[in-house]
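One structure is given below, represented as structure tokens, and several questions about it will come after.
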Amino acid sequence: MERDLSFLIPELLLSSAAMLMIVAEMMRAARLALVIGLVGLAAATLLTLPMLHADTTVFSGTYRIDLISGWAKLILLPGTALALLMVRAEITGQDREGSVYALICLVTLGALMLAGGGDIMVLVLGVVLTGLGSFALVAFPRDDAATEAAMKYLVFGAVTGSVMIYGLTFWFGGVGSTLFSALGALDGRPLVPTVGLVAVIIGLGYKAALVPFHFWAPDAYDGAPVSIAAYLSVITKLAAIFAFAQVLRDLPLSSGWPLVIAVVSAVTMTYGYLTALVQTNLVRLIAYSSIAQSGYFMLGIVALGASSLAVPGLIVLGAAYVAMNLGAFAVVMISGRSLNDMRGFGRRRPVMGIVMVIFLLSLTGIPPLFGFVGKVYLFTAAIESGFVWLAVIGILNSVLALGVYLRIIVPMYQPAQDIDESSEKSPHPALVAVIGITALVTLGMGFLAGFLPA
Amino acid sequence: MPLLTLATFLPILGGLALIVLPNRSARVAHGMSIAVTGVVFMLTLVIWSRGTIAGGFAQIEELAWIPAIGAAYRLGLDGLSLPLVLLTSLLFFLSAIYSARISDRAPSYVVLMLMLETAALGTFMALDGLLFYVFFEVSLVGMYFMIAGWGYEDRQRAALMFFIYTLLGSLPLLLAIIGLYLSSGTFDMRVWIDMPPLTGIAAMLALIAMLFTFAVKIPAFPVHTWLPAAHVQAPTAGSVILAGVMLKFGTYGLVRFALQMTPEAFAQAGQVILAVGVVSALYGAFAALAQSDLKKMIAYTSINHMGYVVMGVAVAALTVDLRIRTIALDGATLQMVSHGLVTGALFFLLGMLQDRAHSRDMSEFGGLLGRVPWLGWSFILMAFASLGLPGLAHFPAEFQVFLATLNTAPWAIIAILAIVVTAGLYLRAIAAVFLGSENEKWLEMRDLDRREKLVIVPLLILTVLVGVAPSWLINMIHTTMESLSF
Amino acid sequence: MIPELIIALSVGAALFGVGLYGALSQTNLVMIIMGVELILAAALVNLVAFWRYLYPDVPAAQMFVLIVMAVMAVEMAVGFGIAIARFRSRGSVEMEEARELKG
Amino acid sequence: MTPQMIFLMFFGGAAVWFGIVVFRTLSMVRSALALLFSQTAVGVMFLLMQAEFLGVLQIMMMATEMSVMAIFMVMFMMDPGGMGAMDMTHQKRLSLWAGGIGFVAALAVIWLADWGPANLQIPDATEQTAELGRELLGRSMFIFESAALMILTAMVAATMVAIHPSEGRKR
Amino acid sequence: MTILVLTLLGPLLAALAMFTLRRMPEVLALTGAVFGFAGALGLFVAVSDGVVVSISLPFLPDFPIRLVASPLTATLSMVVATVAAMVLIYAAGYMRKDPERVRFFGTMLLFVTAMQALVLSGDWITLLAAWEMMGFASYLLIGFWYGRAGVASAAMRAFLYTRSADSGLYIGVFILIGMSGTSEIAVTLISTGTPTLVAGVLLLVAAMGKSAQVPLQDWLMRAMAGPTPVSALLHSATLVAAGAILLIRTAPMLPDGVLLVVGIVGGITAVITGLIALAERDLKRLLAASTGSQYGLMLVAIGAGAPIAALLHLIAHAAIKSSLFLGAGVFQHDRDGTGLETLAGAGRARPGIFAGFAIAALALAGIPPLAAFFSKDAIIAAALDSTAAPWLLPLALAGSVLTGAYMGRALNVLWDGDAGPVQVPVPLMTIGMGILVALATGLGLGFGALEHMLGAEIEKPGWIVPAMGLAVGLAGLILGWFVPPARLLGPLLTPAQNGFAVAGGMDGLILRPALAIAANCEAMEQRLLRAQVGTVRRIGLGTAQLAEHADAALFAFSLWVGQLSMRLGLASKFTDTNGIDAAIFGFVQRMIAAGAQARRLQSGFIHRELALTAIGIALIVAGLLAAPYYS
């Protein structure tokens, strides 16, 4: 028991922090809640480091301490901290501010459960926990748009979640255990693995915003505060992708999942970028592009069984994605939500402009930025596992991606029309910090990619 | 001392320093630019003096980068890359001098140029597949912003075209690199070269992917259409770098990757590649003949000249005679350098002309030779160099390429028609711009000033030097090519 | 072939079908949540049936049932919370009216 | 045909029937009641399947839950009684198809899959509960605690969104 | 060895010094010429003692630059140096007033350097390089007065014609090197076989271009746009001679078939350009045409198997033709033009110059004992002896008659008319010309020694050949003097005046096809761009408009073809950018359209979106159920 708990220190720290934050919120001390959250996240991150190379499970296999969950903590916890800062910059002083911080930490906890889950029940709990918190976060402004977004998010989440739970019961029926590691017994059996697999694809696909489970994403991001959208687009999505990896690597290949996932991946990438091409709302544009990014992550999922690079690839691209997507959203918080706000942005704020270009190019996958390294891993993994066509589609989509991101970059350097100088206020320092950190990571980790997992 | 690393990253460090610098006036920026590129040029001279070795790479610098996938930071040189490195550092140095007049957002311009230099040097020196690709792509981004930011009238479109085209072009290379990696377990290009890891159909697929990439970059018919557009709109220094340095990525890659890493497939596809080279050479020449825009004309001649390089490489793969192969590769490599010198100079001269006249259309000029003798005579000399006049830079290279071609695939010698056509088009351009009766419009035109002469004269001297006594350059190339194993 | 198991599971399947129909066809948020509850009930039936006829020695099944029940409760709670917020802001929880965000 | 089968079929049929009624009646309150009956029938099925603890729990929980739901309806809905005879559905055909296909697909899996031999060593109620307790505090402790966190989250989330934002602090 | 280098470096260093110092061009030029001459003389002396001087400089790996002074090359070098020195002396007077003398003399010296390199080359690459360098220098020289109308095009034409023919040299050289593995000329000369035949034909093509043989003769007449000393130098012993020199040097290698072709081409040229010369209305152009004709005779000799005879005639012709040009230059100074009408009677005004001109003319016509008498006799004798005599002899004789005729006509025109005023004394010009005339007169006496030195003495013919030569020469002179060309030529007059532009001459053979191909390439470029647009139909521009543009472009292209002036139509400007735009924006448009389609799915109605999701799930299930069949 002590051993098991010692491996759970980061999670315990985070949950304690969350409860303290709730207490702080009761005292209406939002700032204190923020500080507690940040400290908790930092401490949890640091305490993750010693167990990075562990490969074990706790509580009889229901929770895994392995490469994926370790790195997921290293990625998600700092990412959450950055998101907290962004949220702080956006909603300072609003009612129930502290609840938001607490909920964010709780959702991250759910995300960690998803990333480390070794059991169907943990998976279910993770999905529901992240979902519940997210609905509330989206609804936080409680205006028309936010409630509409939250409602759609909720309906989608509730339906897909319940269908997933229903489908997962069949797995239990098939093997008599709720552990993923028992799924091997399904090898060669018809139907039962398929039902559960469909259930997982539905539940996690919804979380990761894969096509055709993505419909909620643009609306939810659009209705929510930008910082919340940034948080959701990064943390819950990554969690779902790590969960995919945790589940599917134990699922026998005989169920034919790689090809189906590959098709989903291809459709997702293409659909995301195509739709992004016609957006005029910057948040929606990034929302669609992040749908497409999920498609790229799926390259790694597809290759799980056949390539040793798949998991590192997911981790690397995940880390990159946290940095670049959070960064891009942070810049959007400064520039404004409409594509028109970007006109001349690069000339008005040269540094922000350059940074935004870095984020967008990294999202496109231009070397030597961080996003490129991740994509190389994943393309390599996909090719190694025989999905050359998928890699080719991914590569072709990179061109589409370029078109999408150039839609932002090009106006940034066009002369701006009638900009009201007085409306330009200096950005919140927390935001600047976030942008600085994410930019450094996006730029620097491309070179230092060697520190990433093998 | 890790001179290669130093030379590669000094420019970008200079650029970063410039960003940090409190005083970022145009003067400071250009001073920085000239100083940094000058130092890099000196460094490459020192690197040159250290020399290469036969049968492999010299001056290797290696550092772990992503050990997980066998990618490392590896730099090194051989007789193929060293001349190109020298060319790169020289052209960037001269471009920096030339650009010293640009005042519009000078610091950004300088940073971009310096970034491009890092990318270009890195591309030529990289010995790691992934690293190569990284530099290769960075150059693309830099050039996009260069064209989009400082180009002429229709720059946004040209830049977009350039970017999409070459990005679409470069991604297949990534596939090929990944393929090579998966079959060898490392990104070390030396391993790929020593023991080509791919065979059979896989090698052919990888070759096709690489050929696509490099054909876009070279550019070869029929994926060349971005080049004239990009050149016409690019600022002068951009054109110089684009033509002088970046087109070489394509041909360099053709030798380094396609030829050396998939030699068997390359030999199988040799005739096709040769045909592409021949068609490019002829097509470029004829298309250039039909232009009245001077910059576009030179751009098309680049297609012609690069076509010769492709021919040389293809012939090297086709022939069984070791001697002919060496001749072909010598010629192809020398052609890359010559093209950099000559076309670089031509674009500089056109830029100077355009600075004065704000026009590139040859029909708008006439009789300028008397008005601007320096400009005119430099142009004439360079034009003749470009059309392959003996005693000037292109002759030895083209001679070798043709010699090897005729003795390997005699049909391909029809490409020699192109030398007549280029002669015709250059003479026509010279006649239209510099000869004939003087156009009243340009009576006030100034001749080259000291800075401009400083840019042009080294190129003139080198052009003659390479033409008259190429041995200082070609012996270095020869040593490597002779011992090239594939 | 265990007839009881099949019967129980079939009941679950029917509940699932009904719930799915409800979730897709209802215009009202609360009604949709009811559909979801039915689907979850189907899951419950399944789990208990599996436990009873196949794995009576696996208490994890019962644990799973508890979890699903908890999920039913919390989903409803949060659903109602959002419904209240929506009602405050808009005066109705009709999904048809939630169409400002699209495209 | 054992009695257990007959009872299962009966209560199963009842659960399904009330489930259908949920969406057939126009009154929301009646829907809530129908759902309550449906869930209760499910609870009875649990009891039939000798899962006493779960069955009781189900019935009690659902009773509370559904009454909350009915109260909510009355409090917040425009027409909880269905007086206006408004149609509360859309895309009925498609939903029917979806529900039907879902049902058939599930049935197909259920009927076609090989579920293996039956194990009829049912522990008695006390033992069941004891085992469940051991499971709760042993193997599944992490899960159990997580469920607690989930409920905590739901509380925070629900209160946060349901509480009226203070005046003057609106976005 | 130093002498060998001196021959080349003399003029070259002088040229460089001139370009650097930019003053005293005449002095430097003459110094350079003298050094060059000294070098050539030294070589000649050394070689006549039986020493072979050679040098090898590094160039390409395995292909060094080789210079060799054998008896043949040393002789040629001597000729070049002599003529060059004289012409430069003359030019010092001729160009006295020109503001750009530095450029003129510098280029002249460069030219001489190139010619010396060509003559002395012992290696194909060197020869090729020198060959082309000379073309370049001649381009600069012909285009010296670039501001004047027509000059640019004349210079361009000269370069283009010769360069087109040069591709023959290139390929021939490649074949020879490929065959023997070395670029040394001496080694390749012993090769035989089909490749040699091909190479021989290709070399002939190159020689025809440089020596202005039919049908590549047109450029030569136009090249008169340059200053007169340039013409004198180019036409006597250098540029035009290069073709003949090439053939003389490679004669041992050429198979009989090629030799026959050489002879016939030469003979035809001798006749045709002779006719052109007769029909010319400009003295310099007449002399130019005559050059072609004389080189035709030399080719006849080569074809007849007597390259030495060709060499002798080349030497004689060098002196004679330069004298004639220099004389013409003096008259040109007097009358400000070289049209025959303008020059009528110019000779009377300067009897001394006219005398020199007349001696040279007579020498060319083959009047004994002047130089060309001997060489022409040798040619006729060779033609007579040759196996192809029935072909070659009539052509050679006809060429000789015509030579006499046009020279007679020139003399007649110069003498027949009013003397008119003389402007200025021309001492330097006279010196230069005088020495050359003297050479033209006396060179014949040295031919015997020369033959001996070259080790190929020509058998002294009996009386028939000299008689024949004398007779045709005199007949020609008389005809030319008394009968106006219109009557002499009859129906041939017009084509002759048009320069016998066979099939449109070179323009028709090379320029127009080249331009047509260029136009096609441009059209193809458009098509290519449109093809890259692919299946996109509704691009921003609209198909109709595109087609219209393309039509306009094609129309304009068809206008191009056949236009002699190389002015480009407006057409190409149109669609290039449009095509590119269309490509890019077609792609983008298509993607955007697809995006808009996809976007429509995002209806905002959650139930519809859920239904779509359900459909998606159904597809996924279907895919999974099919898994056993594909995996």
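Read from first to last, the chains carry the letters A, B, C, D and E; within each, the first residue is number 1.
Definition applied: contacts are C-beta pairs under 8 Å (C-beta built on N, C-alpha and C of every residue); 3 or more make two chains touch, one makes a residue touch a chain.
Since the structure is predicted, the reported quantities are computational estimates derived from the model, not experimental observations.
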Review point. In the touch network of chains, how many steps separate subunit A from subunit C on the shortest route?
Key: 1
Revision key, fill the gap. Any chain touching subunit D and subunit E at once appears in the list A, C
**Study point:** Highest C-beta pair count, chain pair
**Key:** C-D
Point to revise | Chain whose mean Cα position lies farthest from subunit D | key: E
Exercise for review: List the centre-to-centre spacing of subunit C and subunit E in whole Å, with centres computed as mean CA coordinates.
Suggested key: 94
**Study point:** Separation of mean Cα positions, subunit C and subunit B [Å, integer]
**Key:** 65
Review point. Between subunit A and subunit D, what is the separation of their C-alpha centroids in Å?
Key: 31
Review point. CA centre of subunit A versus CA centre of subunit E: separation in Å?
Key: 74
Check your understanding: Going by the touch rule set out above, which residues of subunit B reach two or more other chains?
Key -> 160, 164
Point to revise | Shared-contact residues (touching 2 or more other chains) in subunit D | key: 90-91, 94-95, 98, 106, 115, 139-140, 143, 147, 150, 153-154, 157-161, 164
Check your understanding: Listing for subunit C: what residues touch at least two other chains?
Key -> 9, 12, 16, 19-20, 23-25, 27, 35, 54-55, 60, 63, 67, 71, 74, 78, 81-83, 85, 88, 93, 95-96, 98-103
Exercise for review: Could you run through all the chain pairs that touch each other?
Suggested key: A-B, A-C, A-D, A-E, B-E, C-D, C-E, D-E
Practice item. Could you please specify the touching residues of subunit E with respect to subunit C in the complex? Key: 599, 602-607, 610-611, 614
Practice item. Please name which positions on subunit A make contact with subunit D in the complex. Key: 4, 8, 15, 18-19, 22, 58-60, 62-63, 93-96, 99-100, 102-103, 106-107, 109-110, 113, 119, 121-122, 125-126, 128-129, 132-133, 135-136, 139-143, 150, 166, 170, 173-174, 189-192, 194-195, 225
Exercise for review: Would you pull the subunit D residues touching subunit E in the complex into a rising list?
Suggested key: 90-91, 94-95, 98, 101, 105
**Study point:** Residue numbers on subunit E that touch subunit A, as the complex places them
**Key:** 588, 591-592, 594-599, 601-602, 604, 606, 609-610, 612-613, 615-617, 620-621, 623-628, 630-631
Practice item. Spell out the residues on subunit A that touch subunit B in their complex, using ranges where they run on. Key: 309, 312, 350, 361, 366-368, 372-373, 376-377, 379-380, 383-384, 388, 391-392, 395-396, 398-399, 402-403, 406, 410, 413, 446-447, 449-450, 452-454
